[in-house]
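We just call them A, B, C and D in the order they show up, numbering each chain from 1.
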Amino acid sequence: MTVTEVSAETAAQPNAEPEGDGAPTAAPERVFDEVLLEISGVSLSFGGVVALSDVSFDICKGEIRAIIGPNGAGKSSMLNVINGFYHPQQGTITYKGNVRKKMRPHRAAAEGIARTFQNIALFRGMSTLDNIMTGRLLKMRRGLLWQALYWGPARDEEIVHREFAEHIIDFLEIEAIRKTVVGQLPYGLQKRVELGRALAAEPELLLLDEPMAGMNVEEKEDMSRFIIDVNDEFGTTIALIEHDMSIVMDLSDRVVVLDYGRKIADGTPDQVRANPAVIEAYLGVGHG
Amino acid sequence: MEFISFLNLVFVAPFVDMVSFPIFFAEVVIAGVLTGIMYSLVALGFVLIFKASGVFNFAQGAMVLFAALTLVGLMELGVPVLAALLGAVAVMTVLAFAVERFMLRHLINQDDIILFMATIGLTFLIQGFGEMVWGSNVKALDIGIPSESFEVGGILLNEFDLFAAGSGAVLVAVLAVFFHYTRIGRALRAVADDHQAAMAVGIPLKTIWVTVWSVAGFVGLVAGIMWGAKSGVQFSLSLIALKALPVLILGGFTSVPGAIVGGLIIGVGEKIAEIYWGPLVGGAIENWFAYMLALVFLLFRPQGLFGERIIERV
Amino acid sequence: MNEGQGAGVAATAATSAPFRPGASVDLEFDTFPKLLKRNAAVRGTRSAMREKDYGIWQSWTWAEVAAEVRAIACGLSVLGLRRGDAVAIIGDNRPRLYWTIAAVQSLGGIPVPMYQDAVADEMKFVLDHAGVRFAVVENQEQVDKLLQVWEDFPQLELVVYDQPRGLRHYRQDFLHDMANVLAAGQKFDSENPSFYDDEVAMGVAGDTAIMLYTSGTTGQPKGVVLTHENIYLTAINAAQQEGLTERDESLAYLPLAWVGDHIFSYAQSYVTGFCVSCPESSDTVLTDLRELGPSYFFAPPPIFENILTTVMIRMEDASALKRKMFSYFMGVARRAGANILDREPVGVVDRLLYWLGGVFVYGPLKNTLGLSRVRICYTAGEAIGPDLFVFYRSIGINMKQLYGSTEASVFITIQPDGEIKPDTVGTPAPGVELKVADDGEVMFRSPGVFKEYFKNPEATAETKTPDGWVHTGDAGLIDEDGHLKIIDRLKDVGRLVDGTLFAPKYIENKLKFFSHIKEVVAFGNQQKFCTVIVNIDLEAVGNWAERGGITYSSYQELAARPQVYDLIQEEIEQMNSELAKEQNLAGSQIHRFLLLHKELDPDDGELTRTRKVRRNFVAEKYSTVIEALYGTADHCQITTEVTFEDGRKGTISADLAIRDVRTVTAGEQLAAE
Amino acid sequence: MLYRETGQFKISYAADQSVFPIAQDRWFIAAALAFAFLVVPWIANEYMLQAVLIPLLIFSMAAIGLNLLVGYAGQLSLGTGGFMAVGAYMTYKLTTAFPDLNIIVAFLLAGLVAAGVGLVFGIPSLRIKGFYLAVATLASQFFLLWLFNKVAWFYNYNSSGTITAPPREMFGVVVTGPTATAEVRYTVALSIVVVFAIIAKNLVRGRIGRSWMAVRDMDIAAEIIGIRPFQTKLMAFAISSFYCGVAGAMLVFLWLGSAETEAFSINESFNVLFMVIIGGLGSILGSFLGAAFIVGLPIFLTNAPQWFGAAMPIDLQKHIEIMLFGSMIIFFLIVEPHGLARLWQITKQKLRLWPFPY
């Protein structure tokens, strides 16, 4: 409320929509033809509980792909399968042309798959900056001895990655909480930091598990803008799970709908919206 | 050549010995079972507290010592055995109240490791207090348990050991009844699953803690009597706690049957190892064998004997 | 205080203040681009600019700045910028925007900085009036605003943006990324190495250096044309008086379009070579201020007031011991601090106590506020409360008031070191001649006097006399020590129907010095008595309310609470009794007041962008309220239009209570004394 | 209050990431180091050095090691004593086998052996966590001590079963053995601890430290961002054991002069764990503070009654001391479960914000 008062109006200004108000921007046609990830015939069960059965779909390079479905439809399990946390009993996953069998999550990370979690999975004892820096760990190479000295190559490396992390901080507009321990941050900001950590890994495929869960309208708008910007600026392919239908339909290029672990629809938002099976799943007898 | 003889010593000779002298082997096993029961008694105290409050109570060993010291001390003052027993139970209950009032209450919602450290502090406190009040010299404990030896089928048995085994079994049975048929017992089980649920049952956490620490104190007293009657009441009693730990990892921190079966496995395993393999390496392997056994076991079954398989979720 | 207003009775030989001649133009470096080249040559490795970005203070030396400016200039010329073209510069305080000013000056163009928070419609007038051809803007937000009004301005040819974020898919060919402009400029420069130097050499002192639009409390903004000579001489005169050197540090956080920022963060830096730093974002100004620790600092009174309010609120939450210590040492500071700062004799005990206070209170306090290295601290723009002023001075911050205007290239008077009076604005700056005209209006003549109002000869003639004297429009007087004292805007000074003098600003300021009162609008001209509309300070009153257990959920609710009315009434009555002591103004005591249901807001046009009240606009908008104030009812109904933070419009209506206030007559006053 | 940070702005990442970004901290540390190196050896008496300062340094070293494992990597270990014993016995073997080997080099080599042993005993961390792992680490404690007790090779078959520090020189000065002065041993210990504290700080603020903390805070998330949990944990075990090993070597060679396995008993393991927790998990500074607390408390408790002229029987005094020790630990955990380092942090924050409360 003090000095910021003078400049607060800047922030308060309506952030006009880029396409809004007759600005002569033509939204470019979005065409995706290169398959980045292909899921085919994946089935997954725990004991007797079937989480996914015979699910197949693909994710193309550069698109925003939404996975939707009622609670318990197997959406999170799907993400867990993609980044190697669960190993499906049947089916194959083809990522960047390589058919994948068993793979540990850290391998998936090394292959360029990053993700965020439904229940924030930040390192609560570390600062925002350190959390984002952990996203760079994969890219850091200097060994123990250099690290011990924190000198020469190790320090240079640290600085290079710090610079990268700072660009992400700038991108996500979280400068003010750079050195705050994340455990103390409000929920919406934690979500943003988690996105930052995933981005720090420079992923080719970014998996977002309910990035807007529990947010208010304003926070949701911010997050949507960041997701679009990430896709735009870095060309990152994004697969996301989200409950807020209006946001899903706005954001995504294609939507796959799961229900009871099966795929019931797949297509553009308009196609999915018109699909009777989807309407049934959402409006029919709810299951949880 | 030497290598072959080494293989022989390690992998053949001990088994040949076992088969050649079955009676001796049986005696070893029985001795192991009996020690195992003692371990189980101590481990039981750990499990009770861990199950109900998530506290890894390192002071259980000290509680065993303190209970036995109190009993012996009262008897030395001329108190009759039964009254001394009741007195010891009362003292352990007071201790439970004090622990809740002065320690646990202030550490709610702290990390597990903090609570764990606090119980180590408690260990020192109880030990120092017990020895200050009752003195630190070794005391004989005789509450009239017979210790005549007799033979069954060529196997030498000791009445004392049988008595110990019997009381162990009775104690477990009593606890089982307590947990299944009393309101507070059911609440304790509920607490182990979910603190909120326990609150909903309507029993305050405070009561639960005091009860469970009292029961653990009582179990400690029984263990203390057994060990004390066998080898005298002394400082080293509190070290028995360390022996109970591998039992715990083997049996699982939250499983009463686990504590018993784990105790038996450790007791028997360590006796056999000591007798048949110990001489090869200079003996005294009892100190660490139990840990190694538990460790190797854990590598194959991380959740312990009776723990549930953990499905990791994200 | 009243002679100036005394209907010209005082003197036709208008009181004039001492005149000290200032510096003259160094012909070799008579424009800012030339000064930049000089700085690059004589202090090339010293830091010239810094910006907190990506977590650290990115720094540029004078040599680097010179290179950047050169590249931008060449790039702009590649894009077609020619001498005399106007270039709008819109955005927050960012180094590249400051460099753009220099780059445009190098090419003989006219930089026109604009307020970055203006909405598109507000920009229209300036863009049109200045005939802007190019716009250099900070980011997508500004680009979007320009695109909104693009069709209306055929003469606006292209837009250069500094930050490409979000602009990737904008396909318009008139949008250029600054990075590309720089690259093109470097290429052009390497092919035409003498181009830039030739262009710079063509500039002369009399060229237009910058055009600044004054927001103006009435009517359309006016474009004040200032030459290199104007700015250069004013900047160097003040810098010399204050002893500014290249070792000073300043933080650039006020709008680029404001003349103060142009002088403090640009001109004086180029003249003396000190380093100017830009904060990371508007949210982090306070943190950045604390990190940077400027030695040369400027802020308008509201900012200092907010800082003090925060200090007091934070201290309220401190432990009792700390509060005791704080209030004890603040007492010591009030007693001795200002005198020590002014090098006046102070007793040994007080000196010792003040030293202790420095260790325990003032030092840490200044440190947490980021003001511990401040050597010169200016405040201006409006009157500052004496308590506020004394507070900062007593803890050892050399705060000084200055009086200035865009038309003067800022400096008219400055409080000289050692001669600080809270109620005056000091003596004329070097090179400034000052006089008070017969009607009480303050007039000045100086090297900084503006060339003209752009495309507005009538206004120029109205303001500037043929022999160079400028009408300030302020009523004031010069005291026996040659210090200027400002009373009010001349045109606002009015009379009650009985002829009593009515100086609304004077009353408003007096009330605004109470921390609970944020904004006041006084009425009384041609009325029987004076009334005020009050805006409470949400933070201060909110805190007060919380301590008193008064609940509220919004500004409107809080302002309607009777307890709050009581609080404000008490303060108004206190002011009335003070006013009663001043002969000529005793008649303008407040009789009735009300607390407005909404905060006056620049977005609603009630305040200027520099947060000055637009008196006539408010009078018109709230005419029903004013009528009620002069009626007899104890409440009134009002519906107003408001602009929400997201730009939507809406209306709010309220029923406002009106209170009568006790006034003090001369007789009572005597009895009281 | 003492902090005047205004104007201490950073123009490079290197400066921003330095260990002590605040100038006042740098001055304080420099002054403290100068005092410890240049003044203490001249003014401290034999008792002060031998009973307080040297053990303080040695236990700080061990505490740093354990803190790396427990506080940073989140792996609870109760086997510190065993790893210290490895360092001590290996140094003994090395320096008796190669008398010309520089004793510091012997320390480091012994530390490397300890690291290897730690690596082996860290393997269970692949499968088990928390208290299960803590109990498992007790295996190393008991097994290693048993090994050094039973296998005469480790103590060169001498009849007493103890290892004794032989006199060894560095730069012509005797640094170990009965003839080494306390001042020299203190200085050597101080040098080692300072160097390794800096190394530890470097490790935890870089890639390795962040991997540890990530695994500590949430191992699943750590794995998903590409950290290999097993390697990371093993490295923590190895490095931690290295520190403990060197500390064990220092314990025998720079402090006690001779020792049996008893010197590395389970109690020592607990003591070091106490230091880490009371000092503050995840804080290098805390390791020093915790060591000072745990080393200093018994000395204080022993001496305090005499200051008040109260005399009591030795064994009573001993019991009261144990009780007080236990109660102080409980009290401390209740008052500040995050340790002295957090207490210092809070104080420092208060000083930085002075006179404001927040």
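Some notes on this structure:
Methods note: contacts are C-beta pairs under 8 Å (C-beta built on N, C-alpha and C of every residue); 3 or more make two chains touch, one makes a residue touch a chain.
This structure is a prediction, so every number in the text was calculated from the model and none was measured.
Centrality by C-alpha centroid: the chain sitting nearest the overall protein C-alpha mean is A. Here B-D and A-D are compared, and the pair linked by more C-beta contacts is B-D. Look at where the CA atoms of subunit B average out and do the same for subunit D: the two points lie 32 Å apart. Centre-to-centre separation between subunit A and subunit D, using Cα means, comes to 42 Å.
The mean-CA centres of subunit A and subunit C are about 45 angstrom from one another, to the nearest whole unit. Distance between subunit A and subunit B, defined via averaged C-alpha coordinates, is recorded as 50 Å.
Contact with two or more other chains is made by residues 55-56 of subunit C.
Shared interface positions of subunit A, i.e. residues touching 2 or more other chains, are given as 85, 117, 121, 162-163. Listed for subunit D are residues 13, 220-221, 224, each touching two or more other chains. On subunit B, the positions that touch subunit D within their shared complex are 56, 102-103, 106-107, 110-114, 116-118, 120-129, 131-132, 136, 242, 245-246, 248-249, 253, 281-285, 287-288, 291-292, 294-295, 298-299, 302, 304, 312, 314. Here subunit C touches subunit D in the complex through residues 50, 55-59, 249, 290-293, 311, 314-315, 317-319, 322, 325-326, 359-361, 363-368, 370-373, going by the rule given at the top.
Subunit A contributes residues 83, 85, 104-106, 108-110, 114-115, 117, 121-126, 130, 133-135, 137-138, 140, 142, 144, 147-150, 154-155, 157-159, 162-163, 197-198, 201 to its touches with subunit D in the complex. Touching subunit C in their complex are the following residues of subunit D: 1, 3-13, 15-16, 352-358.
Residues 1-18, 20-28, 129, 162-163, 166-167, 169-171, 173, 175-176, 178, 229, 232-233 of subunit A are the ones that touch subunit C when the two sit in their complex.
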